[in-house]
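Worksheet: the structure to be examined is printed underneath.
Going by the order they are written in, the chains are A, B and C; count residues from 1 in each one.
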Amino acid sequence: MKFDFWLERVRADRPLVHNITNLVVNNIAANALLAMGASPVMAYAPEEVGDMARIAQALSLNMGTLTSDIVRSMKIAGKAANDAGVPVIFDPVGVGATPYRTEVAGNIPEDVKLTVLRGNAGEMSVFLGLAGEVKGVDSLGSHQSLPLVMKEYAKKQGVVMIATGVEDYVTDGEQIWRLGNGHPLLSHITGSGCMLTALLGAFVGVAPKHSNLQVYAEACVAAVTTYNVAAEIAAQESAGPGTFQARLFDSLYKIDGETVKRMAHVELVSEHE
Amino acid sequence: MKFDFWLERVRADRPLVHNITNLVVNNIAANALLAMGASPVMAYAPEEVGDMARIAQALSLNMGTLTSDIVRSMKIAGKAANDAGVPVIFDPVGVGATPYRTEVAGNIPEDVKLTVLRGNAGEMSVFLGLAGEVKGVDSLGSHQSLPLVMKEYAKKQGVVMIATGVEDYVTDGEQIWRLGNGHPLLSHITGSGCMLTALLGAFVGVAPKHSNLQVYAEACVAAVTTYNVAAEIAAQESAGPGTFQARLFDSLYKIDGETVKRMAHVELVSEHE
Amino acid sequence: MKFDFWLERVRADRPLVHNITNLVVNNIAANALLAMGASPVMAYAPEEVGDMARIAQALSLNMGTLTSDIVRSMKIAGKAANDAGVPVIFDPVGVGATPYRTEVAGNIPEDVKLTVLRGNAGEMSVFLGLAGEVKGVDSLGSHQSLPLVMKEYAKKQGVVMIATGVEDYVTDGEQIWRLGNGHPLLSHITGSGCMLTALLGAFVGVAPKHSNLQVYAEACVAAVTTYNVAAEIAAQESAGPGTFQARLFDSLYKIDGETVKRMAHVELVSEHE
């Protein structure tokens, strides 16, 4: 996996990532993108989200504190991105927690062609109709067949699927990558998944437009691994979740491809395991 | 006071606390709850707040950046919580600063049965019709009879009343606790009161449903004291308000009941003092 | 330049600054004001923004995540501030990025009499009709004639104009100040310009009501320089953007007029340079 390639591209291109995200993470999602070398913009008004999405390198949608106005803006932005060939990342935060979230999580992929769909393992299980459990926005567990069901859905829909947790799974419908980096402190700060959803925009955004799904999947594997390795480094210098959050931005800012490659735990897993 | 009991219950139960809070503190309120061991969720849409409140262990309402839409959602969520026996905490941020805030602060307790009502001393004085002063969202002073008037209101309305400041007062309508922990740096970061309002949800949320008011009051005394002791520890390692905020989350994450008990300044004050 | 005078006034008066700002920076703008010694309040509801603006010492408007509701509230608050003689600061974040932002950035100064208008060099160039470039909310470059065109606009409109960047320019329509403080890390955290826009409210807010434009400009030079010197000090103790943000609040909290005066790079530049 060419970690240095993707990371260097992000820093060289400084991709504009348009985020329609939630009230909890606007600040930290922007800071994660800036620390990584990308250029974040948050825009919500229906009057401008189409224009903003069209000039962006990626559009990242996150329904963490959805309202009907925000859902409307997500659809306008998503369609504009689709028309302009701008990749769209979608994070169905808390799907399954309430009927409204489940409904919206089902609607968005019908109206907007997605490039990447990411959630925690519980959310992805619920999204795919498996027995999964969410408690508010936290995953309580997932089905053991999740990676294979994700692969099927990815192939059918032509989307990169990502489930994060102690281990992370990425699939483009052909292959499944199992990723083993990260740190427990990530689950003690809010928005650790949402920051990743924003960063996926930066990595996917520097792929050539209309890349095939395998290229986007590789960008996603690089994004998840870079983020999780940065978290491992940040944790070494942290006395708890507060200093960890600050150090995570330092770490994203300083990390290089060599370090990611050296520390990466990435493996292709067989379809039938 | 059984500090270790309440703190251990929060960490063991990991209560889901539904927050309808303000735009300034969504991130730090979620982080305070996570650091303490609880499970925060922020949800605002009228389409889902009732469902979310019903599955939560507590509902925490904060009118720091209220709008008519948010007030509407607070009432929907509050009534759903009432129906389900979920305790409701209300923080009338900035009551008295504008007629609109004063009106809403008066309306909410008419429509929603509250378990806990918390504000700074200036806000509580204004709320209770005493001569109090607020400047924006900061307290400028309170009336010396505040604790006794709080006690009367608490008894009449069946609600735990909390006024925070250099000293904090908690009353269930029968007894008044005076709490002496905390640190001046708390007034140099935004949302220190709002984080406490969120944390009250965690402590009150692990009490058995339909507890009597004294049990809820004890949970509140434990919450305020745990938070303030954590702040004292964080301040020792801080060079100013920025590092203090980061260290506060570290401290909430690491604090144990023994430490709280050792450092606690809690006293029952007579009714007629 | 009397840096100690302005800084001491902020700390002595503790001015109430009403912010209508964006979803990314509500927390850090409030924290910057608190760290500096001012009293921040965020209020957005049309039902209360007029009342809040009237009792504030300054009103700071920032269109970073504008919606039609927020624009409406900005105009109500702005007119109330004008009626009450409360100075208004406006930050047209991302003007030029979308037609909607450009339209609103043009509208606000027609409806509200501004005291200070601040943006990065790219935004100010776009605002003034020069060839400027913005990418989302980041400046990509500005026109070399910017300071002189700002001066003309400032004189015609009776407003202090500020363009920030590697060098910052402040003009009251008579004089142009060139400021040379700051640190590259400011461009690796989100909202560094928005925090300054909030702080301008604190400094302008302690000037006597209806001061002439030169007095307000001096307050602005003091604000920009104090903020940038604080950033230089914070950067010395930082390992990257995450620790830098925390240290920036520490530094704003601890900085004194003597230090600002000693480290300041402020010069009056000739009109015809």
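The definition used in the following text is that a residue touches a chain if its C-beta (ideal position, glycine included) is under 8 Å from a C-beta of that chain, and two chains touch if they have at least 3 such contacts.
Just so it is clear, the structure is predicted and the values come from calculations on it, not from any experiment.
Chain contacts here are complete: no pair of chains fails to touch. Of all residue numbers used at the contact between chain B and chain C, under half are used by both chains, marking a mostly different-residue interface. The mean-CA centres of chain B and chain C are about 34 angstrom from one another, to the nearest whole unit.
Contact with two or more other chains is made by residues 23, 27, 245-246 of chain C. Of all the residues in chain C, the ones that touch chain B in their complex are 14, 16, 18, 23, 26-27, 30-31, 34-35, 39-45, 47-48, 51-52, 55-56, 69, 237, 245-251, 253-254. Chain A meets chain B in the complex at residues 22-25, 27-28, 64-68, 94, 97-101, 135-138, 187-191, 238-243, 245-246.
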